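For clarity, chains are labelled A, B, C and D in written order, and residue numbers in each chain start from 1.
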Amino acid sequence: MKLGTYIVKRLFLMIIVMFGVATIVFFITHVIPADPVGAILGGNAPIELVDQMRHQLGLDKSIPLQFINYMEGIVHGDFGVSLKTNRSVLKDIIDFFPATIELAIVSMIFATIVGVVLGILSAVYRNKVIDHFSRVFSILGVSMPVFWLGLLLLLLFYYRLGWLPGGGRNSLFIFPPHITGLVLLDSVIAGDWTSFWDGLRHIILPAFVLGYASAASIARIMRASMLDVLRQDFIRTAKSKGLSKRVVIYRHAVKNALIPVVTIIGLSFGSLLSGAVLTETIFSWPGLGRYIVNALLVLDYPAVTGGTLFIAFIYSLANLIVDISYAVLDPRMRV
Amino acid sequence: MRGNLLDITKLKVVFYTYRGVIKALNGVELWMNRGERLGIVGETGCGKSVTALSIMGLVEQPGEIVEGKIAFEDKILTSMNGDALNKIRGNDLAMIFQEPVAALNPVMRIGFQIAESISRNKKKNEIKQVYPEVRRMLELVGLDWKRTIDLYPHELSGGMAQRAMIAMALSSKPKLLIADEPTSALDVTIQAQILELLDELVKKFGNAVILITHDMGVAAEFCDKIAVMYAGNMVEYANTTDIFENPIHPYTRGLLRAVPKIGRTDELESIPGVVPDLVDPPPGCRFHPRCKYAMDACKEKFPSLLEVGPEHYVACHLYLKEEMKNAN
Amino acid sequence: MQTEVTTQYLIHVKHLKKYFPTKRGLFSSAKYVKAVDDVSFDIPKNSTFGVVGESGSGKTTLGRTILRLIEPTSGTIRYIETDINSLNSKELRIFRRKMQIVSQDPYNSLHPRKLVKNIIGEGLKIHFQLSSEEIYEKVKDILEQVGLREEHMFRYPHEFSGGQRQRIAVARALVLKPEFLVLDEPTSALDVSVQAVILKMLKDLKRDFSLTYLFITHDLAVIDYMADYVTVMYLGQIMEFGTKDDIFLAPAHPYTFLLLNSIPNPDPRIKKKKVIPMGEIPSPIDPPTGCRFHTRCPYARDICSNVEPEMKEVHKGHFVKCHFPLG
Amino acid sequence: MSEVKGVAQKGRFKLFLERRKPIIEDWKHTFYLWKSTTLAMVGTVIIFVFFGIAIFAPLLTSYDPIAQDLDNRLLPPSSQHLFGTDQYGRDVFSRVIYGSRVELWIIFIVSIISVGIGTLVGIIAGYFGGAVDEVLMRITDMFLAFPRLVLAMAFTASLGPNLTNTIIAISFVDWTVYARLARAEAIKVKSQPYIEAIRGLGAKNTRIMAFHVLPMSISPVIVQLTLRMGTIILTAAGLGFLGLGAQPPIPEWGAIVSDGRSYLVQQWWITTFPGLAIAIVVLGFNLLGDGIRDILDPRLRR
């Protein structure tokens, strides 16, 4: 009951934030650019073409009017037509998004498992070999530029060793079944193991590259959180009850230590989406990140607007889920 | 063994910190019999809690027991390994703490936490089988089990949480219950309730109790015997009435004169100086820099424990000297 | 010729209320924690006015509201003739010189990154145009008054013990030469042997600086040692008020009586049979109707749960808010 | 006469030192903690070397980082060209060395802008609370609803990709971190008894905020800033790599990595060295930031 109210409240807040997000995007795409059309067509374009384009983009109207049109469009899910692909931006997003979300989910799972496990081991065996390893792993993870790591791994595993494919989601002559758009999931549903195996081989490198930084930061926070919890009074109580070390750690400490980590997992999702832009570019992954980058490079404003808004929406949704799971995990939050 | 339940000899505990080694316990001597109620009193940093944690085997990094022996019945706790200790902890030994809400796991229901102390390392579904016993314990400590068994600690008041802790500690019928400042965080009226409850239950179960407190009043009301600690040493040990009516150690006397009491008309007296830094404690008797009777001997050697009356022990050179005189 | 001695009052508090809004649900209306709920009293000049109560009684809020560190919800507070409530923020800042507070926690009441010299000198800088030499001298003098030395001026708070920190906090308040001092549990975080020194010092300072104290504590023994007048609070209201002797020798309110009965006595010869209040302190968000204490009172009758008792004078200067006063 | 005065001066200086002994002790203690934290020291050394390289860049290399030399294209590392040359015959070593100036400049300006705005917003929101807080924090939330790089990308693309706009875009994205942190700190500090005591002395809000809340709130901000300096470089390099940051021929590290992408298989050195430079410097900042956090940790200090 109380949890329900909390969710309603958070949803309400999210709507306000999304309104602000849309305003910021409007500002970026409609107000800041001095002369978008000039930028797109170049300085020497004939005047009729410029006018036609201004009209097409709605730039001949006043800023407030543009804003109203823009907001109306968003509410109806209409982001306009991409200048580059000449298709509805929404259609483009629906096409490109599954690749991104698949990559993000796989990375997230990888990052969470590795991060949490390393963090726990690191805290329990503090100052032992595993702790040192995990700390080096973490500090490197948050220091390495994603794109550089990606390139080096590509060089090693694709060009030099040839163990893994060099990019894309599937090999040339493999056609995965199309149900949800998530290759791995669809292959499992259709029972197409060739396609599954192929998809898995393709996703390993990008998912590792993308998830590494998150795994590192989750491991760091998990370690710190564990150490903090292990110092708490209730852990002493658990020990005084005669519980074995294992029970104390796994039953009493881990759940408490996970609570702050949940926030980090949510925040990691943001850096994951950021990183996806770079990873997708390197691994020719046909996702939304690459779509936005390409749109930005040619100043395809409708595509930029739609893509950015959509990413922000997904990120906010992820944060909402995190906040709710936070409330589920920690009974103190439900007051 | 000086006591048939517990005997601590020359217990030394240190904590390693960046400031240096804190010599928290400096050869503590303490003993008690079955079914007795022993009060340990003293001010912040005197080592009351560390003594309790040592008995429980809960002194952990960066702390370490470097010397001494803790005998519990026929077992030597200080030479036991973790598994063996786990069998005694929560079985023969139980403990309750100062901040009851913080001492309970915030993400577990009260009922489960009590059940866990009965069935301990078993699987979760097996733990649920002891719930009838949990209900009985909750009733016993004056809580309505229907309302409390499924609550989380933060939903309890301090007094209720302490009752739950007591239920948890007593559920395994321990031979010795250690209560570390169990009422310091509570209001006086609630304190009175909790002390009454403890009194009643301990009478019923016949547990021995170590009550750690800084409140002389609480010790006077609850305990049969009192041990006074100062800066890591036990300095005086006697029956409660003896401690209050015939205190011998200069520190015990000073402490009693500093306590405000209703209806007291004389001025409060304070002990000059401050509690020493235990990284670099004074040599000899650690109280000598604050003691108005300090002699040369006090600066050199810690006085050994001396029986000055029936079951009245004190560690002070002043009486050692008199004893010598009498002997001569 | 003897003129009639009339008591002079320094502080007048009338119908003071402080309600804190609690967090409101999306669809539920706002609720309030009634921390101080219609409290009136006068503090005689040069007296120690003790306020005693358990947690949730509103004693701390009361102290802060009187100084307007918290804005009162309603009611008036007068300082001799000045209505503190009607001062604007600039006037209030100037007026603050006269009334100071020493709070409970000696570990957090001093700015951890400032030298003692600056902690104590801050008030002087705010209120007076003084050269740094003058400030130095004044800080030095006041430190000596509270039993510290000049060399302590160049240290950080963390280098001091709890008792010494509390001395510094007192010095910070006294350097402005105030007339009125709110002491909010000044010794509850200290060990007994240290508490004794601080309490004695506070008594001496009161005499030397002719101060008036509002002394807030949960410890009845301390209030017995310090106070001239005692106010017993429960759930935001005054239950009983009188001189120290009234309260300790002839308590008229059952709550006061039970409170006195609950204190463990450091004298093992006295083994009294205790009467202890039942149950726990109710939430100040939904205080009980009628007499607020009726839920825990062993003497409660039907009327107590419905009708709120009036404050009545059982004998001169001794007031009690109870339908059936004891004694 | 003057001699006597000199002695008096000296005495005064001694007294000055004597009185400030605790402050000096405090610094000594900080220094001791820093020395005993090996990783923090490694971090400090890395950062100092990085600063040194940026300042003395012209002394460290004789090649012009921008001048093309098509006769010497794509040469592997040698004693002539430590890190080899790129597709235009530019010395990669020289480009990496001069690149440090670009990165340092970005860090410097972004830090000032984002910490300035963030701390100001955060402290005002935290100190006053209520409606002010609500409005400022909702605005912050709006910025936080974007994945950082995506927002920065949109900004630079819109403003026109160049170095200045990269800096503006990153600052625009980064200030929210400090705003949240400073707010949380301000709320914590505001409710401390010592702040109430100062208010009780009669101090104004502005005085309390500037002299008491700000200094207490700033240290976590500084720690965060040190930790985030690495992130700033990563973001700048990411933008550069995508072609949305500093434009050629400016030797920005991310852009250099991007330059070498097409030559990855045969001429690995073009990508490897600038990437390594980024990783090492970011590592340095992270180690230093962790170290500072540990040193400022009151649990360690007390």
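Just so we're on the same page, contacts are C-beta pairs under 8 Å (C-beta built on N, C-alpha and C of every residue); 3 or more make two chains touch, one makes a residue touch a chain.
Please read all numbers here as calculations on a predicted model, not as lab measurements.
Student: Provide the labels of all chains in contact with chain A and in contact with chain C.
Tutor: Looking at chain C and chain A together, the chains touching each of them are B, D.
Student: Of the chains shown, whose Cα centre falls closest to the middle of all protein Cα atoms?
Tutor: D
Student: Which chain pair shares more contacting C-beta pairs: B-C, or A-B?
Tutor: Output for the comparison: B-C.
Student: Using the average of all C-alpha atoms in each chain as its centre, how far is it in Å between chain B and chain C?
Tutor: 33
Student: Determine the centre-to-centre distance between chain B and chain D, using the mean Cα coordinates as centres, and give it in whole Å.
Tutor: 51
Student: Quick one: chain A and chain D, Cα centre-to-centre, how many Å?
Tutor: 25
Student: Can you list the chain B residues touching chain C in their complex?
Tutor: Touch list, chain B to chain C: 43-44, 157, 159-160, 187-193, 195-196, 214-222, 240-241, 244-245, 254-264, 267-271, 274-275.
Student: Under the definition above, what is the set of chain A residues touching chain B in their complex?
Tutor: Result: residues 232-234, 236-245, 247, 252, 255-256, 259, 329-332, 335 of chain A touch chain B.
Student: Taking the complex as given, what residues does chain B use to touch chain A?
Tutor: 56, 58, 82-83, 86-91, 93-95, 97, 99, 102-108, 116-117, 120-121, 152, 154, 165, 168, 172
Student: Within the complex, which stretch of chain C touches chain B?
Tutor: Counting only chain C, the residues touching chain B are 54-55, 161, 163, 191-197, 199-200, 218-222, 224-225, 248, 258-269, 271, 274, 276-277, 280-281, 296.
Student: Please output the residues of chain D touching chain C within their complex, sorted ascending.
Tutor: Listed in rising order, the residues are 19-23, 26, 192-194, 196-204, 207, 212, 215-216, 302.
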